[in-house]
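Both complexes below contain chain A, partnered by chain B and then by chain C.
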Partner chain A sequence: MPIMIEELADGVTKIVLSGRIDVAGSAEIDMPMSEVGTSRRAVIVDLSGVTFMASLGLRSIVLAGKAVMRSGGALVLFSPQPAVEEVITVSGIDELFPVCRDEASAISALRSSPG
Partner chain B sequence: MEVKLSRTPSLPPREWSKLRLERFRILVVDDIETNRDLLRRRLTRLGVTDILEAEDGAKALDIIRGTPLDLVLLDIMMPVMTGFDVLEAMGAEGLIERLPVIVISAMNEMEPTVRAIELGAEDFLLKPFDPTLLRARVLATLEKKQLRDEMRAELARKQAELGEARQLQLALAPPSFAQAGLSIDVAMQPAREIGGDLADHQLLPDGRHLLALGDVSGKGAGAALVMARCHALVRSLVGRHDTAALLADPGHAAAAINAELSSNNPSCMFVTMLLGIYDPADGRFDYVRCGHVPPFLRRASGVLERLDTARGLPLGIDPGARYGAATVWLKPGDCLLIVSDGITEAAMPDETLFDDSRVADWLATPQRALAGLVALVREFEAGFPASDDLSALLLCC
Partner chain C sequence: MNLTSTLGALLAGLGLFFIGVRGLSANLVPLAGRRARAAFAAAMRGPVSIAFSGMAAGLLTQSSIAVSWIVLGFVRAGVLAEGPAFMAPTWSNVGAALLPLLVAVNTDLAAEFVIGMVGFAIYFRLDRTDRLRHGLEAALGAAMLLFGMHIVAGLVGQLRETMTQDHLLLLAQHAPWLLALIGAGLALATQSSSVAAALSVAMVSAGLLAVPGALPMIAGANIASVLTNLARLRVEGIPGRIVFTLQAVQKLAGSLLLAAAVAAVALMPGEFTAGRWFGMAGGAQIAVLFMLAQLAGGLVTAGVSRPVAGVVRRLTPADEAGSLSKPEFLLNEALSDPTAALDLAMRELARLAARLPLLLEHVRAEPAPAVPSAKNLRNAGNALSAAITEYLTGLLDHQPHRDALGTALLLQSAAGNAGALHEALAAIAEAAPEATGLPTAGRLIEALHALMSVVADYAQSQGAEDPDFVLDLLGSRDRLMEELRNRLTQTGSATPGMLDALFRMTILFERVLWLAGRLVVEIRQAHRALADG
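Now for the complex of A and B:
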């Protein structure tokens, strides 16, 4: 499964993505991502295990993130591999969601996010 | 000989009533006339009206080759040409895939029956005929044949529709452009029949050139519709009351397209786009990069630059997004290449990516046409099906 969801302390939800988030991968993460997006308000996304990210995968993240933000919450990405980080920065998605080095800084970025 | 004449076939639990039996044509092949008569009577009782007969394999094959049929009931042991020969010929001529055959064999002939099935027969019936089995197998085979025919017709219809959509979409890509000191080449190849990449070039009334290369975050029909919508939005930049303001700065143009795309976009299908305006009078190129791969610029001197500023969000995500343009000055001999990630992320069977470096290598040698780059990408993929749409714009001064 390219997606795992963990509930952390203080109402933080961690989504762990892994493998290739291409056409097939994004089809698998779409549903769970949107479910988290519509039901949680503090979400961090662990990208350390993601080896490839297609635009469809970004769309899945954007959809979930926008849903979180609509309800006043925040979504933070963390630990992308260099190739995935490049996809994120080239696409400008990092303007919408902070990209952090590790889980601890992602959680503190959640705290400092508006909402 | 039939042994269970007294038994009336009871209705099987399936609903056969949907089969319009009078529309089917069945060929009965048997060298013994009484067997043919018996089968004809049985089939007639089921409601089949169009029944042809042949007394040997050779005659049967003539009919099979020349007449549309829905089912063949084929005896195996016959003079002139056996049922096996008929099945072999049907297999060799590709007829067996579309025309089901039920072989008829005697009780003690299990081995030949198996061989007939291996040769492509759909099912078998044992002599003497059991009316219930005959009914069930004939109806089941006809139903399967009908479903397959419908599926084939449906597939052909969809294929034709997609083919038409593809032609329409490819027609949206403009032809190459060439004049003294300027050439613009365009490539667009959807990964499937239709795709979500857009490549456009318009010569503006003031002599400048509007370039747009976009990539919808999706595949297939949905992406193609968004692509067509984007194309229309890019085209409609010209001829609006605020055209002058929009085309004074591609950032304004991007914001206008973004505002339109962001409204009513619940599925969040966003579009990365490079929008640029080139003025051949002084070589000025203003561009904005809405989440798009940075373009490649090879100077006449051979130096390679990446246009990686003027970054903004992909179009369609945030209605309030702002887009700031950047400017580069092109000089004679410079070549500007804008690609979609279908090129940089084209993959070899082992998932190695084509990558920026190979694009740069290609551009390092003098180029005026994109066909070479597309061929290089396809060669790299080594027959592995493309996973993404591929498009590119090449502007050479």
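Now for the complex of A and C:
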């Protein structure tokens, strides 16, 4: 399963993605990401285990993040591998959702976000 | 005057003639403005009105190609239904065949007066509006055409003497195949059998050729038109193939009539000498025969148009681009209700924008199956964009109130941007395979595909959603792309071809984001205007 969801302290939800988020991977993460997006207000996404991110995976992140933002919350990404970071930067997703080095700075970014 | 200067003057006369033909057609087509086009479309209700409308359009534009594009444009825009209207370009060949008749009439004096008057009008800047300028330039084109023929005719006497001395004319007169080849060559070079026929008429009027010599020339020109029409089939969808096949059938039938005339003249040479045919001069005989060939060809084609269209449809492989370029929402009947028409145009625009991510599908890491090629999507996208623009032009012709007018212009601009996005994305898809060895190229494609999916989603909402989120994603990447390019130049393993392809992709990427941003803003503004209206 390329997705795991953990509840952290202070209402923070951590999504851990792993492996190839390709067509098959995206199909598996789509629904859980959507559920988190519509029900949580503070979300961090661990990308350290993701080796490939296809367009559909980016789309899942964008839609989940959009839903979180709509309810006044925030979503932060952290620890992407260089190849995944490049696709996130080129797609401009980092303009909407901050990309941090590690989990601690992601939680910190979440606290300082306007949402 | 020696042979060289005679040939020089002859060349000048022919040059003036060709400039005149082009000037006439180039200025008459824009003169046939929106209203004339709308009237043309409205007139095509039955076979007879289609025939007369087609002839009038051919006469006015002097170009069956222009008429073909106009009719195909109407069909693609949903203004005209497929079927009987496809005969209009065939009939336009009859109208265009009036050009040789015009040359057959001695209009030198009229040409001189027209050139004089147009010259004065241009010098004293009377061509203030576009319409007046096109009108004057069309008149100048017609006059130059006739004046060019006048020069040619004046030189022919000397040329005939020289050619007779050198036995060239005698050789040509007795070699109908050579004359047919000359006629075919002229038609292929000018892309118009009427122009070749007009030259034949001028040669007969000036005594350079007799009627029996000119007949193979116009027959050759007509046969060449069969070939030029067939050559267009290669690049056309089903409607275009039907239109050009019908014209090829017309030209073939007309050519058979002309071939019969060539045979008749060979068997009974005395019957076709000047002055024997209803008192007509030789040039007029050729002009009338050419027009009769178009008319007879048109009648034959009208009789077989349905089976011919059926055969074309059966023989044409599934026309993916054709069906993709067909509007689904643009109902002509709604044009009298601006609100309904604008709503339909918005739906069609959303349908067009929904295809944006598909243009990159075949160059993604894991392409989805059964997606049309980027080339087909681009062609269909351009056609659909043009159809939306044309539909909204039709709405503007109904002179809607100011708010509807503003919304129509916004949607026209958005349709243009959607078409330009199709072009840019197809260009990226074309460049991507050359940069396959560079991982960054793949990431660029995945990122752009995700962005276009977001834009497509926004278009599906028809502007109802807040655009800020999408616009933030579409922010400028100038600096990022510049950094990417600088980094790539230091990559040792990339070939110059790969680097060049990736450079092109980064530049196109920036253009796509800019166009997509404008599209989103225009859809939003159009949505607001429609909601307020």
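The rule is short, and it goes like this: the second predicted complex is superposed on the first by the 115 of 115 C-alpha atoms of A that agree within 3 Å, B and C clash if a C-alpha of one lies under 4 Å from a C-alpha of the other, contacts with A are read in each partner's own complex, and residues count from 1 in each chain.
The rule is simple: contacts are C-beta pairs under 8 Å (C-beta built on N, C-alpha and C of every residue); 3 or more make two chains touch, one makes a residue touch a chain.
If you're wondering where the values come from, they're calculated on a predicted model, not measured in any experiment.
Asker: Assess the superposed three-chain arrangement around chain A: do chain B and chain C clash, or do they fit?
Answerer: In the superposition, chain B runs into chain C.
Asker: Using the superposition on chain A described above, determine whether A:93 touches chain B (first), chain C (second), both, or neither.
Answerer: Both partners, chain B and chain C.
Asker: Under the stated touch criterion, which partner chain does A:23 make contact with: chain B (first), chain C (second), both, or neither?
Answerer: So A:23 meets both chain B and chain C here.
Asker: First (chain B), second (chain C), both or neither: which does A:62 touch?
Answerer: A:62 sits against chain B and chain C alike.
Asker: Is A:54 in contact with chain B, with chain C, with both, or with neither (first, second, both, neither)?
Answerer: Touch status of A:54: both partners.
Asker: In the overlay, answer first, second, both or neither for which of chain B and chain C A:72 touches.
Answerer: neither
Asker: Going by the overlay, flag which of 1-9, 253-261 or 469-477 in chain C ends up clashing with chain B.
Answerer: Answer for the clashing stretch of chain C: 469-477.
Asker: So which bits of chain A does chain B touch that chain C touches too?
Answerer: 22-23, 52, 54-56, 58-59, 62, 66, 90-93, 95-96
Asker: Spell out the residues on chain A that touch chain C in their complex, using ranges where they run on.
Answerer: These residues of chain A touch chain C: 22-23, 52-56, 58-59, 62, 66, 69, 83, 86-87, 89-93, 95-96.
Asker: Per the contact definition, I'd like the list of chain B residues that touch chain A in the complex.
Answerer: 215, 217-219, 267-270, 272, 290-294, 311-314, 317-318, 341, 345, 351, 387-388
Asker: Taking the complex as given, what residues does chain C use to touch chain A?
Answerer: That would be residues 357, 364-366, 368, 439-440, 443-451, 453-454, 469, 472-475, 477, 480, 484, 509 of chain C.
Asker: What does chain A use to touch chain B in their complex?
Answerer: 20, 22-23, 52, 54-56, 58-59, 62-63, 66, 90-93, 95-96
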